[in-house]
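Below is one structure. I have some questions about it.
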Amino acid sequence: MIDWILLFSNAAQEIISPTTAAYALAALGLAIHFGFTGLLNFGQAGFMMLGAYGFAIATLTFGWPVWAAILMGVGASIVFALILGIPTLRLRADYLAIVTIAAAEIIRLLFTTNTFESVTGSADGLQGYKGGFEALNPIPPGTYGFGPWVYNEYDWWVRIFGWGLVAIAAFITWRLFKSPWGRVIKGIREDEDAVRALGKNVYFYKMQSLVIGGVFGALAGMIFILPRAVVPSNYQTSLTFFIYAILLLGGAATVFGPIVGSVIFWVLLSFFSGFIARAVEVGWLPFLSNVQAGQLRFILVGIAIMLIVIYRPQGIFGNKKELAFVK
Amino acid sequence: MAHVASRPLARRTHRRLAAVLLAGLVSALTLSIAAPASAEEIGLDEYDNKISGLVELADQPLADVQLVIAGGGFSVEVVSGEDGRWAVGVPERGEYTVTLNEETLPEGIAVIDPELEQPNVRTINVGQSGSAVANFFIGQGERNTVSLLDQVVERLFNGLNFGLLLALAAIGLSLVFGTTGLSNFAHAEMITFGGLMTLLFGVVMGLPIWLAIPIALVLSAAFGYLNDAALWKPLRKKGVGLIPLMIVSIGLSLAVRYIFQMFVGGDTQQLPGATDTSLEIGMFGLSWTDVASMSVSVLVLLGVAFFLLRTRLGKATRAVSDNPALAAASGIDVDRVIRIVWIMSGALAGLSGILWAYFRPGVSWDMGFQILLLTFAAVTLGGLGTAFGALVGALVVGLFVEMSTLIIPSDMKYVGALVILILVLLVRPQGILGRKERIG
Amino acid sequence: MSSSAGAKGAPIKSTGLHIGEPAPGVKKVDPIIVADNITRTFGGLTAVQVEHLEIPRGAITALIGPNGAGKTTLFNLLTGFDKPDTGEWTFDGQGISGIPAFKVARKGQVRTFQLTKALSLLTVLDNMKLGAKGQRGEGLSRALFPWIWRKQEAEIEARAMDLLARFKLDAKKDDYAASLSGGQRKLLEMARALMSQPSLVMLDEPMAGVNPALTQSLLDHILNLKTEGMTVLFVEHDMHMVRHIADWVVVMAEGRVVAEGDPHEVMANPAVIDAYLGSHHDEDLGDLDTGVMTAIKELADDDADEEKN
């Protein structure tokens, strides 16, 4: 029989999981790029990778403290944003798309190659960078929680840190888009020539947007590696596409859409994957093997992206009128 | 969550040194493989599957010989122990390449195997038993060094071959972009489709390859038509914008790719004749398959050029690319043109997939996705939406990818092509053959 | 429309703007823009080739000419939206050639576009507020602290509401600009430009696509700009409008200035009739651009070839 309680409890765990937080923050960064500014960033995985590797390499190779390691990751993402933005933000929107997707792949290949194995760990990636972060944990050792959410002190610390970052980022985003700065940014999304004709330095604003969203991506990358190791194969192009799925699900031009989108995405994904895996085990789906059941999640995500874009482009929380698509 | 303790200190200093080199960008490309692993057994507890071997010279074990085992995104290094033995755990069953680093063999000793082009690299398959053995023929002899000129010529041919097959895919992508404005990420799956269909008919159903390939091409063309008829045409009629369309294609690509994987699994399978060494010409590492592949590409590309330049339909296609509204106004049936472009695009992508399957070699569920970015790079390099630009772009990308391996490690060969893409966009955003657009 | 204008009485024209005989490149008493030797080519085609041009301050100047004459290209060049091959020009005595569009706008020279650029998914009020210059809250670091910019924001909003009331758009302030009619968008675009308190307003075909019911109101607004001391330069195809409100007319053809002068005199100038009206009299070619024409011809040629074969 299928253990429904276990399925629901596993799905419920995703609500506060650090992975959900990481995707939410990365999607929020993408919302700034795509939803508010109209920048087609297809390299969010690259920003996450720089955050993750920046943090891990600063800790392992240079032996830096946690705060400096975080700054290293953030700094790397800012440099990346500048390198991508300076040449492309003057060009048509699709050039940024091609350049960001290519640049994210370049970074992934550079972290995967054996040439820099001593620093990057090549395909095996890196681990053992969590000591400093663990030492900052104010929670005394023990197991806490109720219902499905019972974790030890480290797991709680990761969750509090991750969701704390998400909350701060969401607050900053909300403030920004209630301000005249946000008005200029949204104006650029609608028609950058019009905004230029009103005396605003469009190029500079786009650059600021690219940097902020990229920094959010880098921080997301750091949250992402706290419960696991840094492995380059986690940062394939499909990671960016998953984040787009989340963004579209929640609504691209909203502050809370990406966060709620991430929660819904992971809860549903966990539930469906769990359900299908169990259903295969008990023989409800005789035509599927266990491995095939695992692939079903990607198929579902792909189909979900298509359906949302076609039938509900504003997302679940987006305003029907404020369809967040750049024309 | 368990945490693995920091790696040994000695390793850390080594790492710091390398990091400094990396940060300073000091001839990063020539950095040799650093930090030999310390044990002869790695990851056996962690993984169920195992690859092992014995390195010996005339029955005497050789210690401290370095081997790299890689496959399916996983890679590990090991050195042989005092008894010449080594073993590594690997995560999944499937194909792995084992590369013996000849630099770590004693002076005057090399891997020798006249049958193989690169005797120090072996591809082995971890099957049902979960373990496999990889041994090398080691003896007195010349190391696997080919003269520089030969290498250059070999890479040149390889690059040309790769560039031509890439051009087939790129032209289809470019025609679709030109006529509909769609940046179709699911083009990757049309490439894979060609390879998979050839596998289905030529291997699974056992038809002769000269029959399997035409069947696969016809089905690829039909697949292209189906793409347009079932999805893109209705969306065009609905008036969906170009960027939403692009995102739809991303969703489609993801879904179809994993549907492929559900059917064929994660392994790489070979088409008939792909790894047949009897077909080697014995010159510049070329095989008859390579020659056939290049000839087919050239013929088909000439055919496409003739179509675009000389036939009425081809001219109409270019007219639609130039200005769809105007083309429609002057009596061209735009829908028909787009339909034909999709059919062509499907067939070209399918052919490209078949040739790619012989070039790699092997058919796998994500083979198209592996070259999707390079295809986009080719199209962008040449100039978005110009068919001949795509051809030039593809040749540049193909040659660059292969030639760059003369200088940089081959696991970074795509990096070079993508860097070139970004650099060209900096200098000439409209691409090599693209036209500068009039502003305002 | 001219009948309704007649009913309200003809607008007062500014005169005595030029020094000497009206001719292409004639000196002005008080020029706001002085341009020299501007050329812009696209491929082999010379779109603009202006040797000398002065735009009079405090007056309404119309820029007319047949399609493909280079009017919009000249507009784009003067406002920094395009870069010339050669040429220098000054605005208010300052050289502004080659500086980017946003800096040109900051100097007090704002423009509108031929195809209206209302920011569709911003509200009408946000569209207006975006026009204001020197906003403290537009800096990224200060944007986070509302108390820094709240007071200025309230002032801007008051000014925006004032202008919206004048343009009769105040009832729509919370609607998305996308929901406005074509004419209302033109009005909004003009009102938004005024938020920046410019000294020179450049309007690219302000009447194109405007519902006749709104044209009179638009004309009045343009005339008002002059009474408030602003200079207006506009591109227009509608000859009635040009005759009605322009104090000075500059005629371009094939990239050059072929005539200048008082509207009534210019329209009688044989060079103008030849270059502009003579070739295709009352034909309205306003919507066909020349690129389209050549493309159609090429395709027709192809077809002819096809038939021969």
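All chains are identified by letter, namely A, B and C, in their written order; residue positions are counted from 1 within each chain.
The criterion applied here is as follows: a residue touches a chain if its C-beta (ideal position, glycine included) is under 8 Å from a C-beta of that chain, and two chains touch if they have at least 3 such contacts.
Remember, it's a predicted structure, so these values are computed and weren't measured experimentally.
Peer 1: Grab the C-alpha centre of each chain and report whichever is closest to the global C-alpha centre.
Peer 2: Chain closest to the assembly's C-alpha mean: A.
Peer 1: Compute the centre of every chain as the mean of its C-alpha atoms, then state which one is farthest from the centre of subunit A.
Peer 2: Of all the other chains, the one whose centre lies farthest from subunit A is C.
Peer 1: What's the distance between the Cα centroids of subunit A and subunit C, rounded to whole Å?
Peer 2: So the centroids are 45 Å from each other.
Peer 1: Report the inter-centroid distance (CA atoms only) between subunit B and subunit C in whole Å.
Peer 2: 53
Peer 1: Could you tell me the distance, in whole angstrom, between the mean C-alpha positions of subunit A and subunit B?
Peer 2: 27
Peer 1: Which residues belonging to subunit C are in contact with no fewer than two other chains?
Peer 2: Within subunit C, the residues that touch at least two other chains are 81.
Peer 1: Within the complex, which stretch of subunit C touches subunit A?
Peer 2: Per the stated touch rule, the residues are 79, 81, 100-103, 105-106, 110-113, 117-122, 126-127, 129-131, 133, 135-140, 143-144, 146, 149, 153, 176, 178, 189, 192-193, 195-196.
Peer 1: Given the complex with subunit B, which residues does subunit A contribute to the contact?
Peer 2: The contact residues of subunit A facing subunit B are 40, 57, 60-63, 87-88, 91, 93-95, 97-99, 101-103, 105-106, 109-110, 112-119, 122-124, 127-128, 130-131, 134, 154-155, 158, 227, 233, 237-238, 241, 244-245, 248, 288, 291-292, 295-296, 298-299, 301-306, 309-310, 313, 325-327.
Peer 1: Along subunit B, where are the residues that touch subunit A in the complex?
Peer 2: Touch list, subunit B to subunit A: 1, 3-7, 11-12, 14-19, 22, 28-29, 31, 33-35, 68, 70, 73-77, 183, 235, 238, 240-241, 243-244, 246-248, 250-259, 261-262, 265-266, 373, 376-377, 380, 384, 409, 411-412, 414-415, 418-419, 421-422, 425-426, 429.
Peer 1: Mind pulling up the subunit A residues that touch subunit C in the complex?
Peer 2: Residues 172, 175-176, 178-184, 186-187, 189-191, 193-202, 208, 212, 321-323.
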